[in-house]
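Given below, in the form of structure tokens, are the structures.
Shared between the two complexes below is chain A, which has chain B as its partner in the first and chain C in the second.
For the complex of A and B:
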């Protein structure tokens, strides 16, 4: 309980920063902080394995992937995030506040929740592994297939984009030399080629 | 006050913050940040009900969280690959400029 009381304001503050901060890298790092604090909370209430998985997969892989993508796609339009349009804010609040109110209302109405006396004890890894590979073995296999497909798909996306952009440039050149009909080819050919150090 | 309503309130607030980010951000990668926040809120709910809810000898809650984390990682990988592909086409991650999937 004390862990929750200490950690929940920190989690909320970090999440608020991740949502509100204008600079993308700061927002992504605050997302990582939110996930770390959540993992600390999991560790504190006895879900050790879940907390460690959260640390490794969420913080180590997903958050770092997001940070690296932000660094790769870094461009000059960081300032655009600062100039928030009030209309967008109003629409966003109008869409999210009802959701929050419904959630809080349903939580406050659920008065007959079982008391916290029967707190589940911390589970052992053997227990988790047994459940994972007997009861949930089909789901594990499905996730394995999903992860393989995702790996192949991401690699194909990364390679295919490069190949198609080269192909498109070649077709634009031939078309441009004969008759420049496509405006997209014009803009494509006049566009500044990406230099390694443009930031 | 028991911890369960407190945890549910925390996860509701986190979910709403993620939804707000998804609706208002303009950078596609920061929209992904909002989606991850929403995933995290759902995971907190699962853990809260496993820990403070009725007895759960089959470990349904932690199992759900494990699978949700795996699927969130897959979703982030594919999402970022698509975003990077779009970035190669338009040199931007601004949603207002990424209005066409056709190169």
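For the complex of A and C:
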């Protein structure tokens, strides 16, 4: 209970900051902070596995993905205001409200639990794994198919972009945005890579 | 056992075995003698145990910075630092004083809060990761049931810290360096984590002490039952070793700080002790990742030969750590830095498939085991070709350079 009292205002503040801050990178970092604090809460109530997985997946992967996409689409390194138009607000609310309602509904139903039944059930990682890959195998497989489809879709997008753009040497990977383009980057791709053993 | 719960564990009969726990025991006994309450004794014990680990590895950091320069100098046929103290032995002290007294510069365009937080956040995960490694039979600072998962979970902060350092500096070079560093870390973290899956499958536990206990014993009376001496473990060990070099940003994968290309990468705008903190994080991370590799594949704290068990187990751990770290230094002194495209191609076309192949190999190894746990010829006959043939094919591919050399980056064009 103490953990909830200390952490929930922090989580709420971080989440509000993630929504309201003007610079996208700040918002992304605060989102990461929200996720970290949620993981801390999981750890504090004894859900070690979920907490650590939350850290690994959301901080290590999802937050990095958001940051990467911000930078690659070039809205990260400039202080661009996120458009706060009424339409954006309406769409945001329309997406958020149903989720919030479902959450409130489930919370109100969970509130009927008898007090004092807070005994956490005995649980082992092996049990979780067995359950995932036997009882819930269809769900796991469905998610796997979904992720594969997403990956193929991303690869197709990248290929489509590949065909319409100039071939460039990979050493220019890091040349984003306004960095001066090195002359060799454009010529490099037209010839084969040098093979030292070819004489 | 919960994450926030720590077992104190009783000392074994033999004194040197629990020597590293001595500070913790002394503090606890002293407080008990003065009649301190129970929670104070436990908390002080934890803090002392944590301080022992941090102290040992900060000493190791200072020592390694000197040993590294001396070793590189020996390889390159020069003397290395030899002015401060005898044979330059006080060089780390001189470096420390220099770093502490340097001016701390924060660029005008920097975000000072993130700029300050980044070096702190980069040291923190390395120290946390060092806490869960079993250094000896009696000495695991924090014996977690989910130790391996914890190790990689806290490691997730490193990438975030590198990004913060690069972005908050408000300058081009740190940003470019951070992007390179993050893409390298993400690419090599994948094979690093996947190779550990095989070990977890064989052991059936995520606790690092269980992983060490599983490697107890000797084949034929003299070959240790370490994971590295199985086909899947050998393959996974090689992938883990290469990926750990890249993860620790060591040469030949030290592109993030490649000083001849992008100044110092994400550290360009840092000076003084903040700059030193980046290197502290790097070296502590190096200790942590080598310690994890030793735990997973090299039998942890166990003696390499039977009959050597009289030497305290933590001495074996640190002996192995010295060997692994010296091999890193040797590699650094020998190989030139790779290019970024070579780095990424190697990660995705060699490291990742080989890491993935260790999972079916480990599965076959489990299923072909005899009821008493020993392994017959069947396991070897199936797993060795499964791993050896892809290794040969990938080696041939990389030597012939038939892999694509050109790439396009749409987003980099504008």
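We adopt the following convention: the second predicted complex is superposed on the first by the 119 of 199 C-alpha atoms of A that agree within 3 Å, B and C clash if a C-alpha of one lies under 4 Å from a C-alpha of the other, contacts with A are read in each partner's own complex, and residues count from 1 in each chain.
We take it that a contact is a pair of C-beta atoms (placed from the backbone, for glycine too) under 8 Å apart; a residue touches a chain by one contact, two chains touch by 3 or more.
Values in this document were obtained by computation on a predicted structure and should not be read as measured data.
Colleague: State whether A:60 touches chain B only (first), chain C only (second), both chains, or neither.
Modeller: second
Colleague: On chain A, which partner touches more residues: chain B or chain C?
Modeller: B
Colleague: Under the stated touch criterion, which partner chain does A:126 make contact with: chain B (first), chain C (second), both, or neither?
Modeller: Touch status of A:126: second partner only.
Colleague: Once the structures are superposed on A, label A:25 by its partner contacts, choosing first (chain B), second (chain C), both or neither.
Modeller: In the superposition, A:25 contacts chain C only.
Colleague: Return first, second, both or neither, reflecting whether A:49 touches chain B, chain C, both chains, or no partner chain.
Modeller: Touch status of A:49: both partners.
Colleague: If you stack the two complexes on chain A, which partner ends up touching A:103: first (chain B), second (chain C), both, or neither?
Modeller: It touches chain B, and chain C stays clear.
Colleague: Which chain A residues come up in both lists, the one for chain B and the one for chain C?
Modeller: Common interface on chain A, chain B vs chain C: 46, 49, 53, 61, 63, 72-73, 77, 161-162, 165, 168.
Colleague: If we count contacts the way the header does, which residues on chain C are in touch with chain A in the complex?
Modeller: Counting only chain C, the residues touching chain A are 2-4, 114, 145-146, 149-150, 152-157, 159-160, 163-164, 167, 172, 175-176, 179-180, 182-183, 186, 189, 204, 206, 262, 339-341, 344, 401, 405-414.
Colleague: Which stretch or stretches of chain B touch chain A in the complex?
Modeller: Counting only chain B, the residues touching chain A are 2-10, 12-21, 23-27, 29-30, 32-34, 36-37, 40, 43-44, 47, 50-56, 58-59, 62-63, 65-67, 69-74, 76-78, 80-85, 87-89, 91-94, 103.
Colleague: Using the touch definition from the top, list the residues of chain A that touch chain C in their complex.
Modeller: Checking each residue of chain A against chain C gives 25, 29, 32, 43-44, 46, 48-49, 51-53, 55-56, 59-61, 63-64, 67-68, 71-74, 76-77, 125-126, 161-162, 165-179, 188-189, 192-193, 195.
Colleague: Using the touch definition from the top, list the residues of chain A that touch chain B in their complex.
Modeller: Those in contact with chain B are residues 1, 4-5, 8, 11-12, 15-16, 18-19, 24, 27-28, 31, 34-35, 38, 41-42, 45-47, 49-50, 53-54, 57-58, 61-63, 65-66, 69-70, 72-73, 75, 77, 80-81, 84, 88-89, 91-93, 95-97, 99-100, 103-104, 107-108, 110, 113-116, 118-120, 123, 127-128, 131-132, 135-136, 139, 143, 146-147, 150-151, 153-154, 157-158, 160-162, 164-165, 168, 191, 194.
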